[in-house]
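One structure is given below, encoded as structure tokens.
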Amino acid sequence: VPPDEIRAVLAALKEGRLSPQEAEALLLGAVPVAAGAINLDIVREGRTGTPEVVYGATKSAEQVVEALARLAASETAALATGLDDAKGTAVVRAMPAASWFPTAGVVVAKARPERRGGIAVVSAGTSDGRVASEAAVVAEALGNAVLRIDDVGVAGLHRLMARITEIRACRVVIVVAGMDGALPGVLGGLVAAPVVAVPTSVGYGTGLGGLAAMLTMLNACSPGVAVVNIDNGFGAAVHASLINRAGP
Amino acid sequence: VPPDEIRAVLAALKEGRLSPQEAEALLLGAVPVAAGAINLDIVREGRTGTPEVVYGATKSAEQVVEALARLAASETAALATGLDDAKGTAVVRAMPAASWFPTAGVVVAKARPERRGGIAVVSAGTSDGRVASEAAVVAEALGNAVLRIDDVGVAGLHRLMARITEIRACRVVIVVAGMDGALPGVLGGLVAAPVVAVPTSVGYGTGLGGLAAMLTMLNACSPGVAVVNIDNGFGAAVHASLINRAGP
Amino acid sequence: VPPDEIRAVLAALKEGRLSPQEAEALLLGAVPVAAGAINLDIVREGRTGTPEVVYGATKSAEQVVEALARLAASETAALATGLDDAKGTAVVRAMPAASWFPTAGVVVAKARPERRGGIAVVSAGTSDGRVASEAAVVAEALGNAVLRIDDVGVAGLHRLMARITEIRACRVVIVVAGMDGALPGVLGGLVAAPVVAVPTSVGYGTGLGGLAAMLTMLNACSPGVAVVNIDNGFGAAVHASLINRAGP
Amino acid sequence: VPPDEIRAVLAALKEGRLSPQEAEALLLGAVPVAAGAINLDIVREGRTGTPEVVYGATKSAEQVVEALARLAASETAALATGLDDAKGTAVVRAMPAASWFPTAGVVVAKARPERRGGIAVVSAGTSDGRVASEAAVVAEALGNAVLRIDDVGVAGLHRLMARITEIRACRVVIVVAGMDGALPGVLGGLVAAPVVAVPTSVGYGTGLGGLAAMLTMLNACSPGVAVVNIDNGFGAAVHASLINRAGP
Amino acid sequence: VPPDEIRAVLAALKEGRLSPQEAEALLLGAVPVAAGAINLDIVREGRTGTPEVVYGATKSAEQVVEALARLAASETAALATGLDDAKGTAVVRAMPAASWFPTAGVVVAKARPERRGGIAVVSAGTSDGRVASEAAVVAEALGNAVLRIDDVGVAGLHRLMARITEIRACRVVIVVAGMDGALPGVLGGLVAAPVVAVPTSVGYGTGLGGLAAMLTMLNACSPGVAVVNIDNGFGAAVHASLINRAGP
Amino acid sequence: VPPDEIRAVLAALKEGRLSPQEAEALLLGAVPVAAGAINLDIVREGRTGTPEVVYGATKSAEQVVEALARLAASETAALATGLDDAKGTAVVRAMPAASWFPTAGVVVAKARPERRGGIAVVSAGTSDGRVASEAAVVAEALGNAVLRIDDVGVAGLHRLMARITEIRACRVVIVVAGMDGALPGVLGGLVAAPVVAVPTSVGYGTGLGGLAAMLTMLNACSPGVAVVNIDNGFGAAVHASLINRAGP
Amino acid sequence: VPPDEIRAVLAALKEGRLSPQEAEALLLGAVPVAAGAINLDIVREGRTGTPEVVYGATKSAEQVVEALARLAASETAALATGLDDAKGTAVVRAMPAASWFPTAGVVVAKARPERRGGIAVVSAGTSDGRVASEAAVVAEALGNAVLRIDDVGVAGLHRLMARITEIRACRVVIVVAGMDGALPGVLGGLVAAPVVAVPTSVGYGTGLGGLAAMLTMLNACSPGVAVVNIDNGFGAAVHASLINRAGP
Amino acid sequence: VPPDEIRAVLAALKEGRLSPQEAEALLLGAVPVAAGAINLDIVREGRTGTPEVVYGATKSAEQVVEALARLAASETAALATGLDDAKGTAVVRAMPAASWFPTAGVVVAKARPERRGGIAVVSAGTSDGRVASEAAVVAEALGNAVLRIDDVGVAGLHRLMARITEIRACRVVIVVAGMDGALPGVLGGLVAAPVVAVPTSVGYGTGLGGLAAMLTMLNACSPGVAVVNIDNGFGAAVHASLINRAGP
């Protein structure tokens, strides 16, 4: 609860426009939680610019449906990630208006209208597809135009160069890569937009489940690159969306 | 060399306005390098939005001065990082118009005029000062307004809450923290701007030279957080500057 | 065998109240073990304040029942952890007076009466539920009043602040968290009770199976935090119980 | 700011006993910080039971003296850790009433009176001395009676058994060990008090700067053991002090 | 696009033999990719000396067949690796002229004729068989004579010495070993050919999935040893083939 | 081939008792291997004191039977380790004179007669049983008297002390422990025999699959402790057997 | 205190030959320690077969001299390891009868007479000299005949084969190696004596301060190899000495 | 000693052209070593194609001079690596005909004449200079033509493309890179020669002393890349020289 909000609440209380009980609730920002219910943070969008997104991997389809319904009632977007085929189809059966993106493992129950600017989602290999899809679907649901480019890894640079003008037209670039994770650093030297790098767990042996790619990205020679957790297409989409939608 | 540039060069060649030799040089983008000289990338700003920045830790004061002079001639900003006291004072002795920031280890020979928006640079403890200073000085030299807030770690949350309204007014937030690295995740849950997290090597034992803080940040529960290398205040400033200056 | 016990035995021997054979057995503290039997440490409670607890994951349901029966005969509490559904229900079928807590994977065959003070068991996310349940059930069986609070991770601090007064009323606080593991350090800065932190293996990628959360906790800026092994709700409960029941 | 405090402030405001400005300051818990000053958390003791302790390794002797003076004015104890000989003697020269413990690297400017109960500080080898001394001196300054026992590592168990009755009489046991870190687990099987284990960086090769000892302690077969960071005698003392002083 | 190619294109453009559109396509080196198709690098052989090889583990049998057909049309060899029994037999059912090597997990649809020189593929134990087979089959398909020697680990040196003259007659030596990975270093001290070492994931415990063997090889006392990723028989074959086929 | 053997061969050759072909075969020590056969080192016992032991985990039951038969023909013992129930029972069905030890996963087709001295195999917990059984069965098959003591971990030292006199009577002590791995160091301080420590993968979380126990053992304060690979009961038995059978 | 000793003490007590106080002291095995003195374990040789050895790296020359004198009075050998030149020469100046081995960093104040059998100390490179010297000097002081062979690494196997007959004549083989650590595994396949492997911190990069060599040794294909800590020549000597001196 | 050599020796012995003593010496390949002398492998070139190279870091200038003189007498090249300025100048003062390369830390006492083909040594940044110099100087001394290209890292690809035709003309490419280590993989996709990658320890934080660069290289998407130890320019030169000089 920041100072100016506190000031406003205190003034209203002093002037009798609020009871002490109402003032306290506002100051705490607390939302009563029914016993046994999921503790959804349904005021997150106002606070952080992004609504809570349901992480479906550890929830039942019923819990996902309930959570999406509650979020759709109060926020500008409602979506769930980390769903397998069984859960995804069960959710859209219960919510016919929702969309199910099986490649991404994402259900979108309510999407923001597209606004402006644009996010490129670029991936190095076909095996990085699920993570790139998650990033792209989440970014679109959060109201961003998305340019999707796949399979342009550094072993054949001409494939990347053939698309570079399109990428340069975007305001943010999400780059998804496993194995050596070299693509974000190369792209960071070719574009003037901030690069958000997503290492994937694609690879074997010394790939160490994505750690090798992550280290490459953190040590990229190009200084505009920032990194999110391994396979975290969702987190990259949120960071990129905040960038794309910021400013006048 | 992107397609539209190629197209322009080819048209000029066809019309006889360029010789094949001139066209080839343009298409390669190559800049002749004198033997023994540092291979400065003086066309980087046009390509990536940020000029090459001189990394002074592995160069002599003379090399730093020469590189700054060359960059200042062609780019909108010229600065050097990673300088100790001896090098920093030697550089400004040779370049009286330059500014030396000893806490940050940075010399700024040419700065962009401040433009708009704003970057918050928030640090958890006094020991994180050098990294936070590097981020702040570089961000300012690249033309951004900077809000600097120090010593607001999570062990005393009221210190952070007392400044939260100021932080919320910025367009990007750089958060610098060592030890447990918990501050970026907490801030990510309180602001609607993208958060750029910088782990520092402050700590001991299981801090593992900053790896513990870095892992905390990559696993932050708040999804808007992206991470740069340990102690890399410079990289965070570049990523944040690209965000702050993007858009219409 | 500590000096004062040795002294008592020696005095009894000298006075003829014990034979040399009886004295030797007492001095060794050895309990004869039948061939093939589990080597239960049924004198552990007297020595360490906590009875041996049966670790069921590597034992059959029959072995668990037998061990619980032997412990119930000589100690103030008898419980088994690490049970899956099949084993848990099999055990309570054989011991109708025992209680089966499926969320925690724990059977309680004999519980101490509740005594005084109190232990808070606080968790960051719903996925941390099993570990938090194990801690809570074990703590209750060992005679402690338990306050259970879930889903109050640092990405939405207001959820934690809404419960902070209740937590402050407890004598010890167990904090269970995966992913970034930031909650114990934040709570350690808000309460005057010792904090026992339990990292969980919840997370992915750089979560490293709980190591990231564990490192965060060991490097917590708040100095009152101590840490147990990943997913070790049981160990946290024992440490907290010894704290809660100590003193006059 | 917990609910009941908010309620009290709001009631006072409503009844006119507080101005909105006063109420806001109380709700924020903020303490104004002069520009350039260290951001001391001088209300930490009220909140967490332990005053802020000055970490001297990254401060000048003058900063340590100033911080100690400010803490001594408002808290029940004022001490600084992590001091080398030069800083320690400089501090006590400026504060003649303070005590300097060179083996521990600690200055105590103000100590709590000893209260009750007791903390054992047990170390495995002579090389663990500095860490054990830090734990003992801090614990005493925080008002606890301390029993100090050194050089009783598991390679010669009789040395430990000769002191076990004394250790058993304490309410908490801090165990300090490097190399194999086996002592806390062995002691955890012999005493009924909670054990706080401190791994030290003593050792070489696969000791990995204390990581081997830390892993041993986290995997101790005795369930009452909790662990703090490598060489963190200070943190162990705070955790133990909160345990020892808790309860009626 | 290297300078001499650029020069030729520019000359043709200037002389009117190419339109600007044709020149641009050649300069970009871009090959149009149909929507949804795999982005095969079918000009890789001309650029790197080795055609793209299909990595079958993440593709369906149908995709493998399609990719092999496209590669066979334009390159001197077409093969797929990482196939299990089901995929391998499905592929050769669809391409009767192809060969299926189940031990290696490789299908060869088109092989280069054998040229000259020779590659030894030496393995330490029977468990290293799949990786050694992959190396041998790929090397043969790429036009190299292969000498295959198995089960000559360093625990029984006489087995290796009995074959050393044959190995010495080869131009490159691929050495495949798991567990301690000592064989490449020993062989490196016995032959005058470059040694390419392949660590395998064979082993347990501190073998760390092949990392122990890999570290041994990178630290080999014999200086002629270079290393590829764990289990990467394919990569070793490509490196060795480039060596064997180089030169006049 | 050591010098004295070379000398003998050369003398025989010079005197015409051997043909050059026979001499060469002897000097190489090579044993012809039929194509496709396992490359068994059937002269290993003469060279190293221990026959080759069949590692059954990566072989079929038929291969195990064939290898055991060949070893039994030329060496003093023939055994196979790493067998699951299906393979073990299949092997003894084909070799009725062999013995199958299901707890150890070992088949003994031919055992040396027991000789003298003795090896203690001591384990910390019941979960360490399979590794301890492997060590005990292999040691007995290699002709050593074995004393087996289980479940005497350091959390209840009296269980170990009750058996210490028996252990002290052995010439070598194998100690098997997972989790904290503290038992070998404690035993090393209580006995005058060399201690061979075997870490097991028993544990979870920071146990890191046995690495924590292994590090504890390598850093043991007791200097007589040497360590083998995780879960390597077989290797410990071979090392201990060489010790026990050495000397006059 | 083992059962038979307890029995003897109890019998003496019952018959009045000991007072309860004397019996208690014997049962505890405690040796009174003067305040401030080093807690020397001067009864270690009787218990473990090896006297306590002074680790000089963390002690002053005076402390080393005092400890050696006390050990020499009660044990069959008295030596100190880990000494630099200054301490070593200071110690022998104070104890003229002692011997100083600068290459090994060891002072021998009292040595056992040589007994029988023999220990080979074999090293891979000249850089491993200090560790090999420590092993050799300690082994000799403990009464073993030592054969020292240096610089016979696996990159030139003929150097090792030229000495193999001498090595085979020893009862134990200590093998010291850094970098790839391959020598112990190769030797383990050539000799019938137990091999004690000592990894050294010699190397760079992926040598990881000796961890690479250690992992190689723990994964050695030859089963008779056991391993001690990095650079721990002393520990290898103790293990080998216990082996060499065991038996009839 | 390979079979055909054994055959020749045996034939000569049988025909009386060699005495048994001479035959034995030849078969063992042993070279007598004077007591105290460095055990130089002066027959290495015949066996492995590369002479032993003196590693100067752990030797005195006198030892380096002596070793170089002995090598120069029997091999085609004699050089020493790992020298600092003091040693390097001392060596060339004693051997005026030798050349000292201070940037590389190498002295060349005897070089092979240049033969044919060529090795490119390409580095990513100026900080990689010492390692690249070591590779280049050693390769030249071993008789190879060397093309040296520096400072062409992937953050500015046009710098690399400007030189690609020169690199393509070489028979082997050594690529030296620190930080993200991305250059070898990018080059591997652009040339048809085998690529030998050398990670350097240049970088900080998550660079982990070169491990991040090494992992990138081992996971390179381009299959023709093989890797040597961190900072091991020497090893890369030997591997590349064996490649360049192989074949007809």
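Order as written gives the chain letters A, B, C, D, E, F, G and H; numbering starts at 1 within each chain.
Everything that follows uses one rule, which is that a residue touches a chain if its C-beta (ideal position, glycine included) is under 8 Å from a C-beta of that chain, and two chains touch if they have at least 3 such contacts.
These figures come from a predicted structure and were not determined experimentally.
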- Task: Identify the chain pair with more contacting C-beta pairs: B-D or C-G.
- Result: B-D
- Would you indicate which option in A-H, A-D or E-H repeats the interface seen between F-G, with over half of the contact pairs matching by residue number? E-H
- Item | Between chain B and chain C, centroid-to-centroid distance (C-alpha), Å | 49
- Quick one: report the Å distance separating chain C from chain E, using the average Cα coordinate of each chain. 54
- Chain centres from averaged Cα atoms put chain D and chain E apart, in whole Å, by 59
- Query: How many angstrom between the C-alpha centroids of chain F and chain C?
  - Reply: 38
- Spell out, as numbers or ranges, the residues of chain A touching 2 or more other chains. 1, 3, 28, 44, 47, 155-156, 161-162, 188-190, 205-207, 211, 214, 218-219, 222, 229
- Query: Can you list the residues on chain A that touch chain E in the complex?
  - Reply: 126-127, 150-152, 155-156, 158-159, 161-162, 204-207
- chain C residues touching chain D in their complex are 1-4, 44, 47-50, 53, 117, 161-162, 164-165, 168, 171-172, 188-196, 214, 218-219, 222-229, 234-236, 238-239, 242-243, 246-248
- Note on the structure: Given the complex, residues on chain C that touch chain B span 124-125, 153-157, 179-182, 185-186, 188-190, 203, 205-208, 211-213, 215-222
- Please give the residue numbers of chain B that touch chain E in the complex, ascending. 1, 3, 6-7, 10-11, 13-14, 20, 23-24, 27-28
- Note on the structure: Listed in rising order, the residues of chain B that touch chain H in the complex are 1, 28-30, 38-39, 41, 43-44, 47, 58-59, 199, 201, 209-211, 214, 229-232
